[in-house]
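Before I ask anything, let me first share the structure, which is written out below as structure tokens.
Naming follows writing order (A, B, C, D, E and F), and every chain is counted from residue 1.
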Amino acid sequence: MSGGDNDVVLIKGNKRLDGRGFDELRDIKMEVSVLERAEGSAYIEWGKNRVIVGVYGPRELHPKFLQDPTRAMLRCVYNLAPFSVDERKKPGPDRRSVEISKVCAEALSSVVMLERFPNTVIDVYVEVLQADAGTRCAGLTAASLALADAGIPMKDLVAACSAGKVQGQIVVDLMKEEDNFGQCDLPMAIIPRKSEVVLLQMDGKLSRDEFKQAYKMAVDGCMKVYEMQKNTLLGSMNKFVGVEGGVENGD
Amino acid sequence: MEIEAYLKKDYIKNLVKEGKREDGRAFDEYRKIILDNGYAKEKAPGSCMVQLGKTKVMAGISIDIGEPYSDRPEDGVMSTSTELRPIASPKFESGPPNEESIEVARVIDRGIRESGAIDMKKLFIEEDLVWVVFIDIHVMDHSGNLIDAGGIAAISALLNARLPKYEDGKIICGEYSGKLPLTGTPVPCTMVKINDSILIDPSIDEEYGMDARLTISTTDTINAMQKGGNGSFNEKEVMDAVDMAYAKGKEIRRMITGD
Amino acid sequence: MEIEAYLKKDYIKNLVKEGKREDGRAFDEYRKIILDNGYAKEKAPGSCMVQLGKTKVMAGISIDIGEPYSDRPEDGVMSTSTELRPIASPKFESGPPNEESIEVARVIDRGIRESGAIDMKKLFIEEDLVWVVFIDIHVMDHSGNLIDAGGIAAISALLNARLPKYEDGKIICGEYSGKLPLTGTPVPCTMVKINDSILIDPSIDEEYGMDARLTISTTDTINAMQKGGNGSFNEKEVMDAVDMAYAKGKEIRRMITGD
Amino acid sequence: MSGGDNDVVLIKGNKRLDGRGFDELRDIKMEVSVLERAEGSAYIEWGKNRVIVGVYGPRELHPKFLQDPTRAMLRCVYNLAPFSVDERKKPGPDRRSVEISKVCAEALSSVVMLERFPNTVIDVYVEVLQADAGTRCAGLTAASLALADAGIPMKDLVAACSAGKVQGQIVVDLMKEEDNFGQCDLPMAIIPRKSEVVLLQMDGKLSRDEFKQAYKMAVDGCMKVYEMQKNTLLGSMNKFVGVEGGVENGD
Amino acid sequence: MSGGDNDVVLIKGNKRLDGRGFDELRDIKMEVSVLERAEGSAYIEWGKNRVIVGVYGPRELHPKFLQDPTRAMLRCVYNLAPFSVDERKKPGPDRRSVEISKVCAEALSSVVMLERFPNTVIDVYVEVLQADAGTRCAGLTAASLALADAGIPMKDLVAACSAGKVQGQIVVDLMKEEDNFGQCDLPMAIIPRKSEVVLLQMDGKLSRDEFKQAYKMAVDGCMKVYEMQKNTLLGSMNKFVGVEGGVENGD
Amino acid sequence: MEIEAYLKKDYIKNLVKEGKREDGRAFDEYRKIILDNGYAKEKAPGSCMVQLGKTKVMAGISIDIGEPYSDRPEDGVMSTSTELRPIASPKFESGPPNEESIEVARVIDRGIRESGAIDMKKLFIEEDLVWVVFIDIHVMDHSGNLIDAGGIAAISALLNARLPKYEDGKIICGEYSGKLPLTGTPVPCTMVKINDSILIDPSIDEEYGMDARLTISTTDTINAMQKGGNGSFNEKEVMDAVDMAYAKGKEIRRMITGD
């Protein structure tokens, strides 16, 4: 967030740079079972973002002293490929990736039935191959598809979407230019059936009322994403039906 | 150790059910805050040791000259690091920052950076040369709520920080040319959800017992938020937390600035 | 896991004795190769996702400006890295490159570098300033023969790569001034020895079962070779492998360039 | 040590830069039990030095193959905070810190009754928050207070003080300017009751006789420090009395 | 390899820079049992290369989950000393060293009777103290001497030698200038009695026929090296006789 | 391994009680010292392999050009590193320098640096450009007393080191313009205390058995001292050690310089 004190025009008439309305999401495509080795996987194309998620586990956790006898641990590694951004990113985790990995793991832990798999670990690998703002939301959305694809029991999916403020206007699902030159970014993820928030980060400047508006807009975005998630899983039904712990209302 | 955490968790959850906290505070009550500004002033241009109850966190400012970021050639640079020193808890180990310390640093950083509290334009020196402000947060005694303790220490240290004297391309060590240009006092406020109650300023035991955590850093606007933990919040809880953060932020700000 | 490897090893060795492969291929037959050029073209100047059977490897090109090596002041610079991402196999872990990923990167690098496929002289910009080409190979799904999959992905990504626009000492992000200057299409061909048979394009199970491995990267000449594994090759096996690598290299080159 | 071949005036008349005589220590303040979580702790202000020491243990040592069935291991981590020195120090141990940690651990091992706690580790964390020459002496002095505060049995305290050579003159307890522009630094630590040296490092240029003089001066400094240590522990008696293994003549 | 497109004259008449013919090796000296602590060791001087190899093991492998119950693991660490090359090499493994360590370990594993020592590890340390092209061949040659010196049972020695192409000419055993300005380098190692190749790397440009010629030349070089290896072991017979698993035709 | 150390410790302590050392030396007797100057002279500007009994340590000098330290703009730079290579002992592992190797390097460094043995002023080239001298100490065979073996190797390598030729801002590889400017020959002398005896030049077994260690590096003055180990020294022991270090330093210096 630059504080928006600059001359980049992001909104013209009631349209955004790419022609979207304020409450309109970018194009999203989803697919599951895209990898051979991973136990569950999903691919998501969200605007120009391209993200693949793979899931391994539940599997034994090493070293042993990290094991929790009451539940599984869910770990997440969010990784930006070096070529996924304009300027090459050096391989390896930076502080931003470590933080995103942490909040994503916490968000997913809220829906996965971890208590069924004591002493184990579930690993979620989020590989961002092309990044254009909103990668954590795309990754989290794909991650819950990959968990479902792996047959890991969940109470619900996690659906994610951001809102933000651009040239004084609250909008949903910021693209790269809006993220760079806007006034606020508010990535969120919810458990759709309870409508409760499991990921919420924000930076920029928002009044109380603007925040309330952005919050609602992000939740609406999440609900749209949730519908797409369900349709995607429905489309992969042949493979998916009968696996224990699948999304119960996935039909 | 983990068994201790489990027992604490149960104990805390039961207390909260009865509407109580282990140290007798109200749910919306902070522990006592003591600031020791200029704690390391003989060396650090700005510094503050903060006690938040039994939590003890120090922030020290270092200021150097360096290159600006290529996409902001006229702005100064700030960088925030947190070290959970092993002295602070039997659970911390020596080594590079882990995800907990990185999260603490990044949430504090965003609260300060996004509020515009440091006037970055005034940190410009000449083409390709700007002031670089390092905020180092040193956790000395971890009894809960590191983000608030660290955030209060950081902004306090910035507020008492002086800008080094700069002559002929070099910093004159130990001499200063005025205050660091500050324009606001962002204050983080952290709440945890235990059962269905929201408690402000969690102790370490309450952190063991929490379902979820929400930090909101405010000036006259909201500048940074961060949800933590495996639980979830509903909309009302989030909006109530925003109101609480504004109210508590105001009180703490008054204490920091002495106004 | 290791027990699985042992069982696979026996199974594969017995199959090969009977002249068979687990997926029904002939010994000198590659798995199906699918190229997705420009997979990440919105950000990367060059990119390709390659499927080699169930193996999935992506190569992305990044291009920056930098200093030449002091012993080649008029040549551009290329640098090849491979990451065996943990998503690709239950055996990979996060962390710095291990010896397997380093070997994959270095063998692919040599095939490209030594063939002169990139016209390094044309990457000169001005004194002390040249184009630096990064080839990042990202293994997404490991079902065997990473060197060939990565090598095909790398040269394909280079062939579709564009050179960024350069003005007044800076790269103009997202604008391009033409293709990266390529002069050839090196193709690695990897064979394994199991019992006394030579199999081309090993699957992951065949890699468990192999005695030794030989990679030969060719254009109109041999440009790189690498023997791996604890076993050995006799002269005839090596010479036959050279002939095989030329023949298969030609076929794959045709597929890559579309000629 | 610069070899002293420069023009900085460090001694005028019989006084040093800060008005001290040759055998005079800087002002020293000590306090114990300053931290909540650590099992023992101490704070020391020594001139402009500000150091906090915390002690954990004896506790089980991991990994197990490091355990010594005949005695406890005593580890020390000496750490300079990034803001403790004029020019920001990058976080993490450098070679100087590693060396100081080693010699401090060895010095403390000479007095702690390690054989009473086989297979365990005692961790001593020395946090330098403001540094102005003599930090290892300040740290070591505070460390033995923190060990006593933790109730860990010791044969004696360790008291530390440096001597050195400044403009041809042997002096005690070098401050920063004297350390930078002097001709020799000799940090030492002793077991006061035996008057034996447990830490001794030196760099610079000293003749045999100068060394002998500096050695005595450092020992005298250590003895003064020892008196302050005992008074400090006496002052915290309420808490301290009755703890097994406390400093026996601390009263 | 620079592709050879430059003006450095490497061959004049039928002689190379140092006066060697095309099929002539540089001077080689070998010695075993040169170290006290290592269980086996060897020194090799090969042209200007100076390499010392030490062997430890078979010894228990830690951590335990790496142990193979069917055979020993053979590890190799190839290390260039900082002062061994013209421009100081930063200490620690770089990517080139990691690759060479891997192919050397594989080459040695082909002859050592690893199945006799389940769950253990044999460590081979190759220390290059002066480097002048061909260090991996020198190191591998010395390593099999050091393994023999340690009394570790082997089916045969491993003998190594490179060939290459210099100014259009196939030659054996490239020296530094030939490596820098030549057109191809082909380091190889063989099991002499089976005449099978266990290390083979190549980079540069060679036609099929040139490769065949270079391959034969490298094998011939390896056979000469093998004779020297046997003579060296014979010379250390007093020490060597009777040790289980020594080179059987070492006499 | 540790059991071996305990047994050795007992054995050594009992021997010393009887006034004996395992190799029959007098308490104040060094093992045989053999110097091989110029061991790697084809590449390193200075080098020496030292045998101290069965201990074998190599020092190699590398010389480069670089920036001076900002507080000493007219002085050259020296840097000393020690690597306890895993070849040297069954206990050493590959990896970054541990505290033992750091101590060895730093004690040797101080002896050389503080004595002024390298004439740093003569390493000035031009503004912001000085010679940088790297001393790399490579432990090849560890049979005790690495500080003395390494210190002797380091100063010997420096004494035979040549300064590279420098022209037009570049080093001419393999050509030299004279000797490195040396002005003295600091020699470290290490003693250990076992029971109440002081033994010079400890073997590896004597290091297992020692209570404390004292190193004193001398020229015509004392330049560096370092006490090690968990035991203590009284004043008389320290002063006797100083006298011993002067005496032995003189002998060894004569051997090194050949005077």
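Throughout what follows, a contact is a pair of C-beta atoms (placed from the backbone, for glycine too) under 8 Å apart; a residue touches a chain by one contact, two chains touch by 3 or more.
Keep in mind it's a predicted model, so treat the numbers as computed, not measured.
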Touching both chain C and chain E (chains): none
Inter-chain centre distance, chain B versus chain D - centres from mean C-alpha coordinates, in Å: 32
Chain centre separation in whole Å, for chain F relative to chain A (CA means): 57
Distance from chain F to chain D - Cα centre to Cα centre, in angstrom: 27
Per-residue overlap in chain B, given as positions that touch at least 2 other chains: 97
Contact graph of the chains (line, ring, star, complete, other): ring
Starting from chain C, with chain E taken as the next chain, the full ring order: C, E, F, D, B, A
Chain B-facing residues of chain D, complex: 35-38, 41, 48, 50, 52-54, 56, 59, 77, 79, 81-88, 91-93, 123, 125, 127, 129-132
Residues of chain D touching chain F in the complex: 1, 3, 68, 70, 95-96, 98-99, 101-103, 106, 109-110, 186, 190-191, 194-208, 211-212, 215, 219
Complex interface listing, chain F residues touching chain D: 2, 6, 97, 99, 102-103, 105-106, 110, 113-116, 214, 221-235, 238-239, 242-243, 246
Chain F residues touching chain E - in the complex, by the definition given at the top: 39-40, 42-44, 47, 54, 56, 58, 60-62, 64, 81, 83, 85-90, 94, 96, 134, 136, 138, 140-143, 173-174
